[in-house]
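Consider the two complexes below, in which chain A is the common component and chain B and chain C are the respective partners.
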Partner chain A sequence: MDFLNAIVAFSNYVLVPGAAYGAQLALGALGVTLIYGILRFSNFAHGDTMAFGTAMTIIITNGLLALGITFGPLPTALLALPFGIAATCLLVLFTDKLVYKFYRKQKAAPVILVIVSMGVMFIMNGVVRFVIGVRDIRFTDGERFIISARTFKEMTGLKEGLAIKTTQGITVVVAIFVVVVLFWFLNKTRTGKSMRAFSDNEDLALLSGINPEKVVMVTWMIVAALATTAGVLYGLDKSFKAFTYFQLLLPIFASAIVGGLGNPLGAIAGGFVIAFSEVTITYAFKKVLVYLMPDSLEPTGLVQLLSTDYKFAVSFTILIIVLLFKPTGLFKGKSV
Partner chain B sequence: MTISLRNVLLVVGVAALYILEGSTTFWIFSGSWDSALKMLNFALIGAIMSLGVNLQWGFAGLFNIGIMGFVALGGLATVLVAMPTTPGAWSAGGWQIMAGLAMGAVTIVGAVKMYAYLPKGRLRNLMTFALIAVGFFAFRAVFDGGVAGVEAIDPAATGYLGGLNWGGENYKDFGWLTVVAWPIGGVLAAGAAWIIGKTALGLRSDYLAIATLGIAEIIIAVMKNEDWLSRGVKNVNGLPRPVPYEIDLQNDLGFVERAASWGLDPTAASTLYTKMGYAILFTVFLVALLWLAQRALNSPWGRMMRAIRDNEVAAEAMGKNVTARHLQIFILGSAICGIAGAMMTTLDSQLTPTAYQPLRFTFLIWVMVIVGGSGNNFGAVLGGFLIWWLWVMVEPLGLWIAEVTTAGFEVDHWFRIRMEDAAAHFRLFTMGLVLLLVLRFSPRGLMPEK
Partner chain C sequence: MKNLLMATTAITMMSGAAFAEEVKIGVILGFTGPLESITPAMGAGAELAMAEVSASGALLDGSTVTSIRGDSTCIDAGAATTAAERLVTADKVNAIMGADCSGVTGAILANVALANGIVMISPSATSPGLSTAEDNGLFFRTAPSDARQGVIITNILQDRGVNEVALTYTNNDYGKGLADAFQASFEAAGGTVTISAAHEDGKADYSAEVGALASAGGEVLVVAGYVDQGGSGVIRAALDTGAFDTFYVPDGMVGKKLNENFGAELNGSYGAYPGTDNAGSGMFVELAAAAGFDGTGAFAPESYDAAALIMLAMQAAGSSASADFKDHVMDVANAPGEQIMPGELAKGLAILAAGGEIDYVGASAVELIGAGESAGNYQEIEFADGVYSTIGYR
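Then we have the complex of A and B:
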């Protein structure tokens, strides 16, 4: 019984939140990695693209709610998500036309594009603040829990409860759906194949008649969809605040690099590696250990390896270790 | 630098922006010398940071976006040097903390050495991992006890180790210590830069960027959470000052008389006097650093740096050790940012870890360098002054735009309220726009490298 309690406590505080956070990071990292693979630069504006998509979705959600439209037990934001994606698509395509295209034509060095993306980051950040302000916004509605801790205890008779929030369930389901569609698209469709070809060898792809502008356009649209979805899921699970989204940039980049920049599969693996390490290392294991250890050995402290404020340090340390020992990431990414 | 008419006009133009702020209330200017001097002081610090980043980016092409971390370390140095030692803190746990930190350092060095010397294989990995695990728990055991001891001492007022100021109650008499802290801030930042450079230089440019971004966040996290070191989010207030206090000046009869002869009332005169004091100190440092940077740029060392930047492979073929040179200039540039950070904390008279925001302390400095002209020290300094002016003035400018565009509307019309709210968020938008416009139409900046 104690053993079961320990497992449940561990799932409740580490596995479930870790899985949800991992799915959010994976979606974010997929966007970063696609941009890197096709356009060949690290997009620092990604966090703010996520924030923009989420802000748009929140506004449309409010509009839907004002019209009296809800999504039953599910958050209304899911209904608004396609519109948010469309708005973000327009924004990134517009940005590409206005800003990035010029440097692509010039064949500018990647680091110049990174600096340019910094400028775009400033502007998007300004736009988001302009549109929705700097406050903390919660936009979850519908049922709060799939299983609440109370129901779980009553069902199983265990002392520990396992709560799964609706948003956590939705996050994982939506993430799986998105990833399946993305991989189907990349592997089965003509456009997806040309994207992969372009990413592997630009010159050969151009020789075989692939239209680079079309590839770039499709990439931006996919990235907009991924970023908005990641942003909305994160916002549903926690809350929306423009600055938090900017800060997500670090774990997202860590995920993409740990997995291997430019490799979509790696981005997903990286997302979960980073998320689980962050949650595990900053979790106070006292509760779990109390069940597992004999009474005489019960821990007196919290048994927390690092305080939660250092979660950035965790993603960063993993990033450094991977960079030092396996510079191309866990899955083979691009090294240069 | 060749003195061209264009450059003279640029300098005169930027100087005019500051003079206008002080002298006229026309358009968006406030017409207050006090506000102009305040702006000038921050601009001087911004120019020094910009100089440091220019060293890294302009000379060597290193992409460092962790400037905020080095600036914060400089600020920490001011506290560690100029604040009074908290009585009893060292005996209550200070030494224990140091012992814990030393154990942590020994563990890391030991693990690195072990990994280097043991033969390859599973045994090596296991033993290194075991050493790190044991070392970590030993470190926590010693360290946590010390921290608890220090943080228990009057947490509302101190609860931290304090600094090296031996003045006790009268620590504010030793204001000159803050100036001593500036170079020490540089040393602290240089130490951090050495650690980062050792691990992340030699990887590709994007990775250095991410690594520096991460370390900056970690430095801020440490300062927010390690109360024994920096009082965390409780802030350290009342740092001593290298310039006289306004209240002392107002009580000084000689000063009041002199102020009156200038036609100033004592209050206004005293604030101007202290701000001038800071401005002079900062200018001395800026000029000294600018002179050094100029000397470096025009020395064989500077030419080698630019050769490495322009073609690493060719420079390596000529026998230059690229990674070592990169490490060198990375440390130098970061040290300059640390000095500027210490100055800023001195100017604020307090250390506020929550105030360090990457947009303000990292990305803004990048805008300064790029707009001014990367690779040109004078350009970087000019960019510092110009962009800081813009950063401050964007808000009145936004309000002015809001006023003009909504002139025809009622006071409580939604559009008017919206525009007035938005004026505050104008800042980031404008900075991004300026950066993109310069990159597009004048990518070498206002004062291009020769």
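Then we have the complex of A and C:
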């Protein structure tokens, strides 16, 4: 019984939240890594693209709710998601035409594109705040829990509760679905293969008759879909606030780099590495150990490796170690 | 006869020195940043007092008062200092009503107010550290120090029989100051703080913090954060994982936003924020409603009082220069003298002009103690049926 309690406590505070946060980071990092692999620059505007997509989805969700349409036990935002993706597609394609295309024609160095994307970031930042405001917005509806801590305790008679939120379940399921579709697309379809060819060797790809404009367009559309999905899932799980999305950029980049920039598999692994390192290393294991140890050995302290103040230091230490010893990331990506 | 003559001469000389002018008061609050949802009512409160005085024409022979706003951002000391510098050097303000958050208030005091000799009255900076900051008598606050709030929290918790709490605070001057003050007072009273963990505002995920807090355990989680920021994030994560059911919310956490964010989930939780049950607060709420803003917002009454004190002190000194009126702030705020309520600023100005004394009570029952900070009155709140309401005063 004590052993079960320990497992449940660990799942409740580390496993479940870590998995959901990891999936959100992984989806964000996938978008960053695709842009880096195919368009060859670090897109700093990614966090704000996520914010824009989420803002659009929230507006459409409100519209649907006003019409009386809901998605039963699931959040209505999932119904609005395709429309949000469409709006974000239009935004990024418009940005590409207006800004990035010019620099691509010039064959500008990646560092110039990075700075350009920072400019785009600030403008998108402003647009999002202008459209939806700076407030904290909750847009989750439907059933809140798959299983709540209280029902779990009543069901099992254990002392510890396990809560799994609907949004956490949806996040993991949607993330797996999106990743499967993406890999199928990249590996099996003609467009996907031409994107990979373009990423591996641009000149060869051009020689073999691949239309670069089409590759760029498809990449942006996929990125818009990934960014909006990641943003909406994150917003459903926590809440929407323009400022937080801007801050999300850091862990997302850390995930993409740790995994190996340009490598989609790496982005997913990186997302989970960053998420779990933030949660586990700063977790106080007292609650788990109390159940596992005999009474005489019960810990009096918190058994916490590092105080939570250092959780960001943890992910960035991992980032530095990876860059020092394996500059291409855990999975073979491009060196930064 | 001789005395009368001298008095008349003195009055003539005084009124000769003061002539109608345009007095400018800088209003520096975090109009953007973590407090952006409560600062509009605070700014409006201060400007309400200025409009009242301007309309009366009683200040320094019919001087008018203009408000010039600056953005403290609440968290960025550099941006706040620049904003204050601009108000003082370019706009030539006579005094500053602000700032709001403790960190930026300390920065503005040290870098701008001291250097230029400008009086600052903050409505909401509550860090205990500001009590001992070097200020040359220029700094006052209509908000109490958090050392006082630490005692209040301890009393409220112990009256409810709570002896073991977990504590989380926003990682800045306000959060750290309040957390330390509370921990010291709670432990001195025999309570146990199982963990004191910081959280950063505006971050993506708080499950690590909540995991540590849950492990440490405690009957109540004290969240010394901001309602618009990490504070709500921590409560959300703690509720979702079932780590804590009952929360204590200090002043930075009390806001309408809590009802919207959590509703019935917070039933049974409680807290306290500055406020009084004196007649002044009711009068202020009515004045605010007539002016079109919400007078019950956190620190809105204190803002009105801060601006009012500046203008009353100017009148008492017969000058709008900071160096002249800084010594009169304590006089007009405290007894003896005729009590002045919100909406009665004209009466107060008239008494002072005639050489009388006043005891400004205002919207928050102002009583300045020590280094010029409010003695501190708090209203205790409790959540029931998804909204919080005041259940008593301390």
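Heads up, the rule we're going with is that the second predicted complex is superposed on the first by the 331 of 336 C-alpha atoms of A that agree within 3 Å, B and C clash if a C-alpha of one lies under 4 Å from a C-alpha of the other, contacts with A are read in each partner's own complex, and residues count from 1 in each chain.
Convention: contacts are C-beta pairs under 8 Å (C-beta built on N, C-alpha and C of every residue); 3 or more make two chains touch, one makes a residue touch a chain.
Predicted model, so just to flag it, every value in this text is computed and none were measured.
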Partners on chain A (chain B, chain C) - clash or fit: clash
Partner chain in contact with A:I257 - chain B first, chain C second, else both or neither: first
Partner chain(s) touched by A:L323 [first = chain B, second = chain C, both, neither]: first
First (chain B), second (chain C), both or neither touched by A:I69: neither
Partner chain in contact with A:L204 - chain B first, chain C second, else both or neither: neither
Touching partner for A:V111 - first (chain B), second (chain C), both, neither: first
First, second, both or neither for A:S307, with chain B first and chain C second: both
Among 237-245, 327-335 or 399-407 on chain B, the segment whose C-alpha atoms clash with chain C after superposition: 237-245
Touching both chain B and chain C, residues of chain A: 134, 247, 307, 309, 312
For the chain A and chain B complex, residues of the former touching the latter: 41-42, 99, 102, 110-112, 114-116, 118-127, 129-130, 133-134, 246-247, 249-250, 253-254, 257, 261, 305, 307, 309-310, 312-313, 315-316, 319-320, 323-324, 327, 335-336
Sites on chain C touched by chain A in the complex: 32, 36-37, 171, 195, 197-200, 202-205, 207-212, 214-217, 228, 232-233, 236-237, 240-243, 257, 260-261
Complex contact set, residues of chain A against chain C: 12-14, 17-18, 21, 134-136, 138, 148-150, 161, 163, 165, 234, 238-239, 241, 243-244, 247-248, 251, 275, 278-279, 282-288, 302, 304, 307-309, 311-312
Complex interface listing, chain B residues touching chain A: 61, 63, 65, 136, 199-200, 203-207, 209-211, 213-215, 217-218, 221, 224-225, 358-359, 363, 366-367, 370, 421-422, 425-433, 435-436, 439-440, 443
